[in-house]
């Protein structure tokens, strides 16, 4: 089995794990793509996710939760690239070790839409810390919110 | 009816509204105190709030959601002090207008505990923007996370 | 005189003012471009700007100073676009009213280089607050640092 | 020679080093106290430090520079406590290894005053990363600005 298919195995595991994390289920996050360079996660609008009755918009915490999760996922995929050739369980085990150090969220527009797509990328991957950027768009490609996070990766 | 009891009326309304916000219900937030200078909100641990299976700790997003909400509440209570003497509905209407501009969350320790208490205070209240600080402790008084936020208040 | 040349007049004023701000002179900032959509500012390496003897790298404060200034400049240019047709002095007067609310700086690589270019853009321009992103590269196009800021614009 | 006086030796070295860092000299930073729990640094107002002609206030970058430096100093002093008993040169060498990962600065009031005092404390000291808080007051004890930073310490 090639190194590449080991990465594919890990991605299958991660895909499954991500959607089983209890609070991700509460949010209703589903993985759209685990492309190593530009993964994306989908969040469907539901009444439980509302924070402002009058506008019917997402709770700020739904946005920060989604972007924080996205940042961690992006940081993990960055680590994964450096682990090619290692056994799949070794690679998968790194996922649980990713931890957010800190996070900034900028709320640009009210979280109004039918569904939302979170994306992200690594700004810098060090040995211990990764810095990532995350974005949330609605289905009309309006930019709702952006984030920057520092993640412990080792 | 004195201005003071109008503030009390508003606080009763807010107490009720806060716990009815859909995503606050998902989080299970309950108001402990609406003391104008040091309000507090309680979050009970539940399995749905878990982000890391292995540690059984809160999802980072539960923490950021709680602290973002707390920052907005603190900003509103700061505004409320400046509105004494106005009719209760006028004061209450301001609550829906509070919006987070941006937020920083620092994750200091894993979110492990039976329940958590969020508190906060205003660092600066301008005419348009308030800057607030928020903290999350567990029931053993361990500091789990802190935040700083900028909120639009007018 | 067309509205467009009024904007040009303002840009000439700003170009001059920016380089006369005392601490900008200490930093040695010079305007490369006041293009409304993608302005840039140059910072030459000098011994006084060093923060770490051993690496000979920029003081973190030089980086945050440059990016904070850049964010304010970008926010102002965003405001300027909305003021076309107004008299040049009215437009120029807005420059002094721009104020940083808060700023996040991520230090990605040591500030090593012969010179550095700061750029920036507006993420969101509201009536009262603008949110901007800023970047610092060295002359080899290495990304040294990024920032996000919220600026009061009215 | 006791461990305690080794720490004192290190503090003397650091006191001297800090004031020799080129950009700290430009800022005019002087160490007021290297108390391990509550160090403070003084910044005198000078014309070169002005960012806004009209108000005669500090450039935002002077504030962020001072608070970034303060955060690194506080992080180092936190490390120092864990190194008691080691040779002074070993302890001192750690100073150059402190690096800012990221920084948030909140600008609360215009930087107006005759002099300013920066203080700070550690929120969390891990093995690799320290999180710190910093404050800048003027001589009238008005809170000008606060910051939060994450620092690489190993």
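First chain written, first letter: the chains are A, B, C and D, and each begins at residue 1.
The definition used in the following text is that a residue touches a chain if its C-beta (ideal position, glycine included) is under 8 Å from a C-beta of that chain, and two chains touch if they have at least 3 such contacts.
If you're wondering where the values come from, they're calculated on a predicted model, not measured in any experiment.
With centres computed as the average of Cα coordinates, no chain lies farther from subunit C than B.
For the pairs A-C and B-C, the larger set of C-beta contacts lies at A-C.
Subunit C and subunit D have CA centres that are 25 Å apart.
Subunit A and subunit C have Cα centroids separated by 31 Å. As a whole-number value, the distance joining the C-alpha centres of subunit B and subunit C reads 34 Å. In subunit A, the residues that reach two or more other chains under the touch definition are 101-102, 104, 106, 131, 148, 150. Contacts from subunit D toward subunit B in the complex involve residues 104, 106, 108-109, 123-124, 131, 143, 146, 148, 150. Listed in rising order, the residues of subunit B touching subunit A in the complex are 21-27, 47-54, 58-62, 64-66, 68-69, 72, 96, 99-107. Residues 101-102, 104, 128-129, 131, 148, 150, 152 of subunit A touch subunit D in their complex.
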